[in-house]
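The letters A, B and C name the chains in turn, as written, and every chain counts its residues from 1.
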Amino acid sequence: MTEQYRLTIATRGRGSTEITANIAALVQAAAVDTGIAHIFVRHTSCGLAITENADPTVRRDLEMLMQRWAPDGDPAYRHDLEGDDDMAAHARSLLTGTSLSVPFAGGRMLLGTWQGIYLFEHRTQDHQREIVVTLLG
Amino acid sequence: MTEQYRLTIATRGRGSTEITANIAALVQAAAVDTGIAHIFVRHTSCGLAITENADPTVRRDLEMLMQRWAPDGDPAYRHDLEGDDDMAAHARSLLTGTSLSVPFAGGRMLLGTWQGIYLFEHRTQDHQREIVVTLLG
Amino acid sequence: MTEQYRLTIATRGRGSTEITANIAALVQAAAVDTGIAHIFVRHTSCGLAITENADPTVRRDLEMLMQRWAPDGDPAYRHDLEGDDDMAAHARSLLTGTSLSVPFAGGRMLLGTWQGIYLFEHRTQDHQREIVVTLLG
């Protein structure tokens, strides 16, 4: 049994937006009892990751490391049509990934206590990001 | 309802090969209408990633960054039996991942306009790479 | 058809523990014949990855690279409540990911010859790690 939904998330430039509650609401309302929630972004310059939901400095430090791993405006980039954050955003997308999946049972995702699901905007500008959620069970 | 297929992709040494059309053909022919296409490589020295399909310099720049993240022939490696690219290929495989999944509905994957699915060969030599595609819905 | 299981794996501080046999046993006993095994850790400071199962220096070299990518006790971290390995563990978790999935058929995972499934403990202390395995088919 499969259910599929579309979400649009407005991001406010580079940084992370928690979407745990958005996914939890779909899982809770679902007809399927046991399975996985698969989340997919239809873009190549943002990403999805599960990380700590308690101390926001974790996500601040992840941004600092991503800037180190894929610096904005690196002189070695050839792809820079859309600005200094263009190629860096694609590289961050490779590292975070464009999909993730979480098991659920009895209407609840089986996340650990400290796990939150985040959409990471890798561009410096605001964007409307389309997400497809597929509940498989 | 589950369908499973095997593909073999010939790579021409390090670099990326687009496999979007291969997966799209399986999804289009499938009996299952709505679900996810799960793609898995049976190797530890190549990987799968979704990235921009328009400007090939994106993939060139990703290769440049991977060389920076996991340099060939790094003197700190102990695993170098198969040459300078051996351990670097395993490290690139960790970063790109060995599987990915894409939602589909009505015979079409729900990829964004600029998303392509790529097999990244991380070894410098040509290889025949075995891929398992599982359509779940 | 979906089956779901919980495992607890005791780690001995930073390093990798092979869990291929644990997952293989669940797949072999399953009622579902063809599908994917989805594996999820309920934590933000450990991760899952598939890598070479033959030469243990591969995993030693991956640890060396992860220390380079996200150094313990980096002075730029703000999140360091639980010690030098705290933020580094979250960063390693981002890079390895918290879930992975492997196709199976006829009671066996379709892993390549050299592929093993590993739980990477990213903290320096021992931990009990909870894993959810969902078999979808």
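Going forward, contacts are C-beta pairs under 8 Å (C-beta built on N, C-alpha and C of every residue); 3 or more make two chains touch, one makes a residue touch a chain.
What you see is a predicted model, and the numbers here were worked out from it, not measured in a lab.
Listed by label, the chains touching chain B and chain C alike are A. For the touching copies chain A and chain B, the fraction of interface residue numbers used by both falls below half; the interface is of the different-residue type.
Rounded to whole angstrom, the centroid-to-centroid distance between chain A and chain B, based on C-alpha atoms, equals 20 Å. For chain A, residues touching at least two other chains, in rising order: 69, 95, 97, 101, 136.
Put simply, chain A touches chain B in their complex at residues 2, 4, 38, 40-44, 69-70, 76-79, 81, 87, 90-91, 93-95, 97-99, 101, 130, 132, 134, 136. Residues of chain A touching chain C in their complex: 34-36, 49-52, 55, 57-58, 60-62, 64-65, 69, 95-97, 100-103, 105, 110-112, 114-115, 136-137.
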